[in-house]
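First comes the structure, then the notes that go with it.
First chain written, first letter: the chains are A, B, C, D and E, and each begins at residue 1.
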Amino acid sequence: MRYSGIYELELGEGNNIMPWLSALLWLPLLGTLLICFMPRQQEKLIKGTALVVALIDLFLSLVLYFSYDNRLAGFQFVEKATWMSSPAISYHLGVDGISLPMVILTTFIFVCAILASWNIKHRTKEYFLLVTILETAVLGVFVSLDLFLFFLFWELELIPMYFLIGIWGSERREYAAMKFIIYTMAGSAFMLAGFLAMYFLAPSPTFDLVDLSRAGFAPQVQALLFILLFLGFGVKLPVFPFHTWLPDAHVEAPAPISMILAGVLLKMGGYGLIRINAGLLPEGLKAFIPLLATLAVINVIYGAYVAMGQKDLKTMIAMSSVSHMGFVLLPIAALTPVALNGAVLEMFAHGTVSGLLFFLIGLLYERAHTRQIPELEGGLVAQIPRMGVAFIMASMASLGLPGMSQFIAEFMVFLGSYPVLQVPTIIAVFGIVLTAGYMLWMVKRIFYGPLNPRWSHLTDMGQVYEYIPLVVLMGLTIVVGVYPALITDWSHPSLMALLR
Amino acid sequence: MFTAGAMLATLLAVDLGDCLKGVNFLFEFGKIAFFTLVGVLLVGLIYFLNWFLSPKTVPTQLRNTAYECGDPPVGSGWARYHLSYYPFALLFVVFDVEAIFLFAWVAAFKPLGLFGLIEVMIFILMLVAGLVYAWRKGVLKWV
Amino acid sequence: MALVNYLVIGAIVFSIGAFGVLTRRNVVFVFMCLELMFTGVGITLVAFSRYFAPDLAVGYIFVIFMLTVAAAETALGLGIFLAVQRKHGTISTDEFSNLKG
Amino acid sequence: MNWWLLTPEIIITVTALLVLVLDFMLPESNRREGLGTVGVLGLVVALLASFRLLGVEDNLFNGVFVVDRLAVAFKIIFISGALLVYLLIISSLERLPGRRGEFFWLVLTALLGMMVTAASRELVTIYVGIELISLSFYALVGYRRDDKNATEAALKYFILGSFAIGLWLYGAALVYGLTGQTDLIEIAKMVDSGSSPLLLIGLFLLIVGFGFKMGLAPFHMWVPDAYQEAPTPVTAFLAVGSKAAAFAVFVRVMLTGFHSLAATWAPWIGFAAAVTMTWGNAAALRQTNIKRMLAYSGVAHAGYALVGVASASAVGSQAVTFYLFAYLFATLGAFAVVVAFSNLTGSDLISDYAGLHWRNPFLALGLTLCLLSLAGIPPLAGFFGKFYLFWGAIQQGGWLLVLVIIAAINSAISLYYYVNVIRVMYFIQPSVEQPVTSPLLVNITLVVALAGIALAAFYFQPVLAGIELAGL
Amino acid sequence: MWEFFYAPDQWAYGIYKAVETWGQSVGIPVSLIQLLLLIPVAVILLAFIFLNVMFLTWMERKVAGHIQVRYGPMRTGWHGLMQPVADAVKLLFKEPIALPGVDRFIYFLSPMFMFTMAMMVFIVIPFSPGWVVASLDYGLLFIFAVSGMSSFFVLAGGWCSNNKWSLLGAMRTVAQVIGYEVPLILSALGVALLAGSLNLTDIVASQKGMWNIVKQPLGFILFLMASLAEANRGPFDLEEAEQELVGGYLTEYSGMPFAMFYLGEYTHLLASGAIITTLFLGGWQGPLLPPIIWFLIKCYAVIFIFMWIRWTYPRIRVDHLLQFNWKFVLPLALVNLGITSLVLVL
């Protein structure tokens, strides 16, 4: 089977007859169905099912990763079937070097999140039901090559997320859940309008990404489409004026869900921006480069600045996510291969690091029942050394310590962006400094100094299910940090094709 | 005088030209208007005569009392009437309105033929079903 | 008599009816005004039917149907009105304010 | 004359008469089951007859009565809606006072009116059809005639409905006078050759009249009252049937009769759509009674559906039909839950739905899916409906893009009040632990509705193919 | 004179032509002449009605008297023939009293229209060939329209009197009149079917060989009964059941308004006779005698039957009256119509 990919390149060897992507995509939903028919009391069984499903998915994604031919830029493992003829919608799946890292990130984070949810007591069945649905939805976004399908999964992700925040969250969960869903819905409404417009403006009406990439929209049209889609993806990323849902959602969500939110869901926005806005509408993007650069810088600086003032650990990490997502937006404004490569890497790195941070905060909260930095203040590293070390390492990763993945990512972003956008890049670099500032200060306040007697009862990590996510996510951070080619070699050809 | 007459003629009928040859629809209705006027004027005249000729008495309390079999009147004169009248009024509306269609059907009976007959029969059948329904539901009972 | 005269009469009757429906507070008057509206329409239809399309009796047929249905409608309306009047003890629309928002 | 084209109507008429007669023939003890069974059987047969007519393009009585894809599709909508409503009626009849037989009968006459309305291409027939619907519903809304609020709602509904019909009639009279025709095809021929200001006034009045029936803002004042006070199954039927019928005929009048004036009326419709959806949503946000909330959301949905009319294209008309399909199933499902809940608790307050998940998970899940479908969340039917509406509108381009964006924002806002109900059901612990039992028939209704919602994605294509408007 | 009796249409046309020729010679437009000619027509018609009604009041009293084995009025004129004149003069000199609680406008208006509407029936009745004031194509419809109107004025008269008896009497009357209107119309439709027209002239013409009473015996009986009820004649005279209701809707009426109601009722009676004659008894048709004489003979025969029934049968109770209508007369009328149309089609 020969398939002419999005960038008119030939298929790699990884392609074969098995519908790998469909298997990967629908497996979690199969898990949902299984869990549906399990009795409510069998919590172990339910958790086990969810975990096994996630693990198989992880395995499948790794198979995909290794059998992907990274010399080629086009889509691989493509599946295509007509769904509707008018409007022309097809069931079209495929991965390339941009989406594959995201897929792997997703499967990793979900395994970790399910392990992190091992202590969920309240309405376990529903919880894992929703988490498995969520996994299908998120994977669907990353592997769809049909805009309609893409949108379907994009929206599908909202409902489980709403319930997960709304039922298992903390005090202001309902408000946060509602805010989350309304913001995203409003954004996706514009996105849908954009997709529809794209459909009709294409020479032959289609939702197919591959066909659309050859459409060659007029620059003004591209600008209009760009605005519509940017509103959709920008809310998710989140871009500065639309970011206010994020602190609420992150803070109120339970720790595993915060992991998923920060680790994966934000990447959907970035992925959309790179894949569709940058890939399909480069002419439109050019008109908005100053705006994008400005927004990126605001994201970086404002996010970091706000994070600095936070007392709540989760809010702080949430705002740091806003700040880091600025580093994803900046390369999109710069549109150079190196910078975009950095952006993809940054998404992957931030996914693992912020997932790790939220995981650790969850563990800490489980024990201390507070997330307020002033309350936690004082020498915890003495009481809980293993957790403390992990926390410090994660913080270092987050502030971009060399040897960790996020350093490489941010380095590439600056390297790639500087030639095109000098001033914004220079300002953005100061973001790193701010990040280092609040991260180190937080670590210092919580973990160093004399032990606060209030926390003398805290216990350290002990369970296996607490170690595995830590080891996996930290491992990913360090491995990618040491050998970033694991991601960049995969994404580079596709990005080159994208920018051509 | 002629002008007034001509105006009246215009008001009553569009064109009186050859009304005796064929029936002029609007003129026929003009006659109706004319006769209504005549009737009203005539009665008005009689009223006037009556008023002119009759004696005028001074109204007294007793004379101004409504007649209720010689007893002093009690309560409002506009008594509440029984609701039982209402279903009959409804039935009347149904059947009287039905008659409009029957008139139309009768006027075009010959050209419509059997087809029209069947349609009207279906129509009447439904109305009869309604009547039977009302009957069985006890609407026709005078409570 | 010109068509426009009939149309104007129809329009006036219709407008009086519509105005009455919107401003009258007594339900019985509202019903009467509704009938006026229908009458105005009837005049218009008949006038049009007579002047513009003398071959086609559609206008007359329309009027017959309209009268019929309007009769049924009024009958039903009076039924509802009686129920309301029995429950509320008033016939002024101002008093009907149990349902709001 | 192809009399068999009329089979669904004839079957419904016969069923109605049969129900009427059986009402006093059957003994009181098994009257409910008897009438219900006869009605359901008649409806099923009529539904099958309608399916047989799919794909037929024909007309009767010189085009007064047409059978085309649009008409048949709408007939299927109405009959299936009536069928589900019948199930709801049977299961909630104990709670209704008075002569119950009339209830069964009036639903059938309303249905007949809807079918006639959807199939007529001529102003007189349209008028008769609309009035048949309206009269049945006036009676049904005021059915609880010993209830102060119910009679009041019925009176309001009656006065506004009659007023609307008056305006509509005047519009029809003007259109008739200026074109000399009442057949929409003939009208279209006349309109093609030129229009006049008076004709536009007539058209405007027609739109206003339909607007009342469709419950468009600002003519929607009757909607919440009537919905709240009518017996719940009637509300369900009012919400789906009456509205859909008005839309069916509206689409036909606008697209068949006045298509050449589309440039003139489409902006009016677009404006009305924007106002309606915004107003409906804004009002729905404040509601505490679920029936009222659904009423206002119905107003908003009328606004969305109007987008399809505003696109003035064949795709637009298909989109309206499909959207109403989706709306029908979602609304009926939601009302099925409301019926089950209020039968047990006697309450329609959203706050009383607290913790429904614990009291009856199936009902809670069903209501959730229906509400999400109404909100337009994929992969449920509501999403496809909206998608297709927007698709049709964007195809036309121009100012319709703005309308689509307004609609899109509105549907995001609407999520708030739908999700609020879901929130209450799932997030708040119930104050009463007593389980909510749902009768078998309600469950059947809900399952059918959910199937309709869920399978829309797979049957999108065939359904769309079934609902093309003839002659466009 | 022969022409006047046996060919009245030619006679009338001759007069019309003569006047028109004269008018044209003087220079009066034709349309105005036609209008002016309506005035003598109206005078003749009104004179006819007044004379007959006066005669009818006398006749009623005589018939009643003789049925009850007494003489009735005997003193004024030959066998009391001048009694109506005396009554009229007396009523003319009586004071029209309208009580303070009365709605004066409607109080005076309703008898006025009651009479006018009853009179209107006559303008479509063909008294003789060509002698019809307005030959409406929908004459039958017109008759029902105007005679149905009378119930309005009865109700208005009863309502405006501000008296319980009046209102109750009026309500009963309306319930009865509207109820019997339906079989009245339905049985008349049978006749219209036979004639194939709603024009009364055509209906009369269609009875040339055989009167409708032969073809429509059931219709005739039903129509007769319904007419009795329509005209508020006994045994259906519930409106003024003086034993129960004092004077029905007339309780508060006196003087000329009362007389007008009275006049209206007898006009209605006369109209009923005329309608039955036209519809069922072949109208003015008959051998030897002039058409107008035939018409009067038949009309008076019908009216005599009316009076006979009134003074022979006891009054029906109101519920029986209504049930009799809805459960017996109306279904029969429908059956009659169905059979008639079926026979005509087959």
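Assume contacts are C-beta pairs under 8 Å (C-beta built on N, C-alpha and C of every residue); 3 or more make two chains touch, one makes a residue touch a chain.
What you see is a predicted model; the values in this text were computed from it and never measured.
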Checklist entry - What is the minimum number of touch steps required to go from subunit C to subunit D? => result 1
Item to check | Centre-most chain, if every chain is reduced to its averaged C-alpha atoms | outcome: D
Checklist outcome for this item: Relative to subunit B, the most remote chain by C-alpha centroid is chain A
Item to check | Contact pairs, highest-scoring chain pair | outcome: B-E
Checklist entry - So which chain is the furthest away from subunit C, centre to centre on CA atoms? => result A
Checklist entry - So, what's the distance in Å between the C-alpha centres of subunit E and subunit B? => result 13
Checklist entry - What is the distance in Å between the mean C-alpha positions of subunit A and subunit E? => result 94
Next on the checklist: From the mean C-alpha coordinate of subunit D to that of subunit E, what's the distance rounded to whole Å?
Outcome noted: 53
Checklist entry - Centre to centre, by mean C-alpha position, how many angstrom separate subunit A and subunit C? => result 64
Item to check | subunit B residues counted as touching two or more neighbouring chains | outcome: 89, 96
Item to check | subunit D residues counted as touching two or more neighbouring chains | outcome: none
Item to check | Multi-chain contact residues (two or more partners), subunit C | outcome: 61, 72, 79
Checklist entry - Name the touching chain pairs, would you? => result A-D, B-C, B-D, B-E, C-D
Checklist outcome for this item: So, in the complex, the side of subunit D touching subunit C is made of residues 123-124, 127-128, 131, 134-135, 138-139, 142, 145-149, 151-156, 158-159, 162-163, 165-167, 169-170, 172-174, 176-177, 180-182, 224-225, 228-229, 283, 286-287, 292
Checklist entry - Any idea which subunit B residues touch subunit C in the complex? => result 10-11, 14, 83, 86, 89-90, 93-94, 96-97, 100-101, 104
Checklist outcome for this item: In their shared complex, subunit D is touched by residues of subunit C numbered 7, 10, 14, 17-18, 21-22, 27, 30, 34, 37-38, 40-41, 44-45, 47-49, 52-53, 56, 58-59, 61-62, 65-66, 69, 72-73, 76-77, 79-81, 83-84, 87-88, 93, 96, 98-99, 101
Next on the checklist: Quick check on the complex: what are the subunit E residues that touch subunit B?
Outcome noted: 13, 16, 28-32, 34-36, 38, 42, 45-46, 91-97, 99-101, 108, 111-113, 115-117, 119-120, 123, 133-138, 140-142, 144, 159, 161-168, 171, 174-175, 178-179, 181-182, 185-186, 189, 192-193, 196-198, 246, 251-252, 255-257, 259-260, 318-319, 322-323, 326-327, 330-331, 334, 337-338, 341-342, 344-345
Item to check | Touching residues on subunit B, where the partner in the complex is subunit E | outcome: 2, 5-6, 8-9, 12-13, 15-17, 19-20, 23, 25, 27-29, 31-32, 34-36, 38-40, 42-44, 46-47, 49-51, 53-57, 59, 63-69, 73, 75, 77-79, 81-82, 85, 88-89, 91-92, 95-96, 99, 102-103, 106-107, 109-110, 113-114, 117, 120-121, 124, 128, 131, 135, 140-142
